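First subunit A sits with subunit B, and in the next complex the same chain sits with subunit C.
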Partner chain A sequence: MSAGGGGGGAHEAIPQNKLIAFGVIGGLVGIYAAYFLVDIIGPSMSFLGALGAICSIVWGASAVRRVANYGLGTGVPSIGMLALGIGVIATTFGLAVGGIAGPLVALVFASLIGLVVGMLGNKVLNMGIPIMVQSTTEIAAAGALTIVGLSTSMIGTFMFFDEIVNGVVVAQGVASGVMTTGYIAVIFIAGGLAILHPYNANLGPDEKQDRTLACAFEKGAIAMILAGIVATITPFASGSITILIGIAIWYVSFSGYYKRVKRDAFMVTGSGLLPSKEELE
Partner chain B sequence: MEPLTGMGVMALIGAAATIAGASEDLESDVGSQSNPNSQVQLAPQMMYPHRIFNKAISGEPPSNALICAIGGTIASVLISSGASAVLALTIGAILAATVHGTYSVTSYLGRSASQKRFKQPIYLDIVRSHVPVMMGYAFITTFCILVVAYLMTTVLEHPFSLPLLAFIWGITVGAIGSSTGDVHYGAEREFQNVEFGSGLNAANSGNIVRKAESGLRNGIDNSWFCAKFGGPATGIAFGMTVFLSGWITVVFDASQSDALGWASIIAGAIIVLLLIIWNRNIEVAARNAYGPYKQDEEAEVAA
Partner chain C sequence: MIDIVGIIAEDFLNILLITLGGMLIALGVHLVPVGGAPAAMAQATGVGTGTVQLAAGAGLTGLVTAGFMMNVTESMALIIASGTIGAMIMISVTMIVGQWMYVYGVGCPPASAKVKYDPITKDRQDLYVSQGTEGHGIPTASFISGVIGAGLGGLGGSLIYYSLLSIENGLPEANFIGIASIFAIGLFFVNAVIPSYNIGGTIEGFHDPKFKKFPKAVLASFVATFLAAIMGVVAIGGM
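Then we have the complex of A and B:
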């Protein structure tokens, strides 16, 4: 068994199909709820987009865990960056042509690119990882939903272009509010690391699914807080609620993560010497 | 812009980049990130549990891109709401360093917990002593990168926004730190017990030095060692990259005429050519001075 993973299928307490449902449904519901409720109730509901993003981050982290468990090793970061790269392309395309169906178009388009990339990896590069095609599809789709979700909670909408009435901008779109301002960079990297860091941080033969996913929630919460900080200066999204909920989720998930670390570790000690020879045998 | 002002700004950018490069490399050495990490990760499996911080945040380029993008985003938010630039850059760098701290903690705890069967303990004093050091270095790196990005957007009128430039320079400083400075830690410090220059024999894999001059070695001891050469070398490498790549467009300003634009490209090509010749000469001189190993000697393992 290598240090880079089990070299076989990962043990799953929660089946991947449930996590796919959690990511897709949670992500889309969060994004659409944010979009409609910002219109109906007000900018304070923009935090729902980030909650949707956390759902897809957890799904993506679980998909990374499954495929990386085949011994990807240093390829774990690469596959996460690949996912977010696909995600940005799919999001830009999906939101630009999709209108109200933008997130759905982005999801489908990302899945398609992920499918092609996975097939290229397995058939052309001969990587021969059994779940490669399914996993790249999932990771790319999760990356796209993460980007749409975080963008929505930053500016309160996922419409790509500005809404202009009589020459006056009444609502900022993703193109001018997120991409031109450069905030897409933080979405890309904070969302991407939230998807790939959990498995990378827990790499090892005694990795456990629930601990890795607790880490995914925690990193997703950091991305949510960052989206909230940007939302404080945009008129159609409210930052303070997003930040507060993000901090609460971070605290709960970090406590849960630390609890699982203490459960799984050989020993958690304040300080001490190395294990003796007798102990190691 | 006055050419003299441009050169002054370039000097400031180069100085900030040099500090950023040095602190980035030392930060990664405290936590054993990137290239040296594989041996730190492997050691417990080869029956060598250790007290060295095992930090894997997806390699240095993404992790530095993360802290710099966070710093740039927060600074840009604060500047657009009216804060002064110095305050905005400082607060951005502080929050970025905090996020870096959470990433460091989760990777040390997670990776050590996943090595249960190899009996690698989690030492909480390692977390308490190392994470503030890494956050400090991360703050210096982020702040310097933000200074570079801020000067580029405001004075040099770069078309990209502050968060995007900070993100790009973050990837760059991580990539240069990973390729330049890590060798000093990964190939030398971790294997001080084998003959200098002997390479990594497969039998020594995972057998990193775990004992210090006094007590057990940890990541802060490693950054002390790397601060003598690896860190400054990385700083000079990154500072030169930033300075020389900016210098050519400041001296030959492409926005004034097409001819000057071509001149800047030619100047850049000449610099690259000179560096290639220089590097080649260093390599040849080193080979002549130290030569290849004549015979396969059994590496002696010092205690």
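Then we have the complex of A and C:
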């Protein structure tokens, strides 16, 4: 089978409940702070949405780590795509009907679909993974918050529709600013990779929670930089601060990740350059 | 506040069509020869990548071709046929190029380890399977199975897309198409992952014993898609 994992529960230094709190509270606070502060202070505060997305990405990556450790049989990427697939459905629904409570509605309904898919996985498909239901719920919810967070940092709001005063668009909504323009595809792949890649890259018998999560921070920072690049060409969000903070987080988390890779490796050694043609003959 | 019950009652046919589309995708995935990582090393029959990637490739091509046909006609049959053919062409191209890699690059004959004789060509299979592998390449039965599977997937995907675009609402057209397509993509991913859990990541096609498990995945996909379809119809219909 293509999936790794030892077929048992993963060892964890940070308990999952703390990471759930980190993801949910951090994600929602980031999204709402971005929404209100963009109104009060200005478009430059839109980077807070991406910080919220990073919190939920780390949470999602940790949930993927726990469930994929049992061996899904399908490879880790499938569950990341499941997260974003459910996330995009719940986000469209939540933001369209929720108004100011949009991110909360999206979170609740993503958890609901995740719960159903997890129960179907165990009851109908007989996957037999004890934490399947909880993990799918968490992963779907994290996917939804990631989408809302990155959208907010791209356009400065999570309102679904354009705000029009006297026939002039004063604020672009998610529908026209993110979905119609196709930036949702960037979120889909960058956010999905950030959730699925950390465990996929680090799996194996020596997998450590802190190393995987450091990788998740680093992938989240890349998603943040991408959101910043998009924000530079949208009028109601500021890209430069998002990109700068993203690069700073990326540098710190990548150094942290590299340090842990060196810590966990048996030996790190330089192999030198490839021998030249003459040396080979 | 939007009239949720009213929208569901009005668009109930669309909800059913979306659910049917999801179930068709789940059935289609069972027919596509997915080999996963072992196939990437020519150690299992099928295309060397995961279900989700294959289904997404075929399904998204189906959406593009269905959307293109939607520019020129409003006939449901033509739009859905266009989506079906698009997905079938995409998976055929993927399989034939993968086959060249296996035959001319890796140097192994296409052979199935699950059956002794190919159910379509009646060619002997077991003699050509390398020791320690579960077959390699894409034998004729798997190829034909894959084309049928992609056809079902494309049919389901374009059915979802067409049903979403039949919902009456007050959105500007560009926004409506954007939202409907991203929603269809989301449903496609969910319905590609559920069957891939059912088959444990690899399958050879309709001749694989795992294929008999498909009713379970179709049932699971029915429940999940129905729930998502209600949310999608309420969200889009309420705009």
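The working rule: the second predicted complex is superposed on the first by the 266 of 281 C-alpha atoms of A that agree within 3 Å, B and C clash if a C-alpha of one lies under 4 Å from a C-alpha of the other, contacts with A are read in each partner's own complex, and residues count from 1 in each chain.
Definition applied: contacts are C-beta pairs under 8 Å (C-beta built on N, C-alpha and C of every residue); 3 or more make two chains touch, one makes a residue touch a chain.
Since this is a predicted model, take the numbers as computed values, not measurements.
**Q** Overlaying the two complexes on subunit A, which is it for subunit B and subunit C: clash or fit?
**A** Aligned on subunit A, subunit B and subunit C clash with each other.
**Q** Let me test your reading of the model: by the given contact rule, A:256 touches which partner, first (subunit B), second (subunit C), both or neither?
**A** A:256 contacts neither subunit B nor subunit C.
**Q** Once the two complexes are aligned on chain A, which partner has more residues of subunit A within touching range, subunit B or subunit C?
**A** With both complexes superposed on chain A, more residues of subunit A are touched by B.
**Q** When the two structures are overlaid on chain A, which partner does A:182 contact: first (subunit B), second (subunit C), both, or neither?
**A** In the superposition, A:182 touches subunit B and subunit C alike.
**Q** Kindly classify A:77 by the partners it touches after superposition: subunit B alone (first), subunit C alone (second), both, or neither?
**A** The answer is both, since A:77 touches subunit B and subunit C.
**Q** If we overlay the two complexes on their shared chain A, which of subunit B and subunit C does A:229 touch? Say first, second, both or neither.
**A** In the superposition, A:229 contacts subunit B only.
**Q** Which subunit A residues lie in the overlap of the subunit B contact set and the subunit C contact set?
**A** Residues 3, 74, 77, 81, 180-182, 184, 188, which sit in both footprints.
**Q** Which of the residues in subunit C come into contact with subunit A in the complex?
**A** Residue positions touching the partner: 2, 36-38, 50-53, 56, 171-172, 174-175, 177-179, 182-183, 185-190, 192-194, 196-198, 200-202, 216-217, 219-220, 223-224, 227-228, 231-232, 234-236, 238-239.
**Q** Considering the complex alone, what residue numbers of subunit A touch subunit B?
**A** Contact set of subunit A toward subunit B: 3, 74, 76-77, 80-81, 180-186, 188-190, 192-193, 196-198, 200-208, 211-212, 215, 218-219, 222, 226, 229-230, 232-233, 254, 257-258, 260-261, 264-275, 279-280.
**Q** Which stretch or stretches of subunit A touch subunit C in the complex?
**A** That would be residues 1-3, 72-75, 77-79, 81-82, 84-90, 92-93, 96-97, 109, 112-113, 116-117, 120-121, 124-127, 161, 175-176, 179-182, 184, 188 of subunit A.
**Q** Using the touch definition from the top, list the residues of subunit B that touch subunit A in their complex.
**A** The contact residues of subunit B facing subunit A are 38, 41-42, 45, 47, 49-51, 56-59, 62-63, 65-66, 69-70, 72-74, 76-77, 80-81, 99, 102-103, 106-107, 109-125, 160-167, 210, 216.
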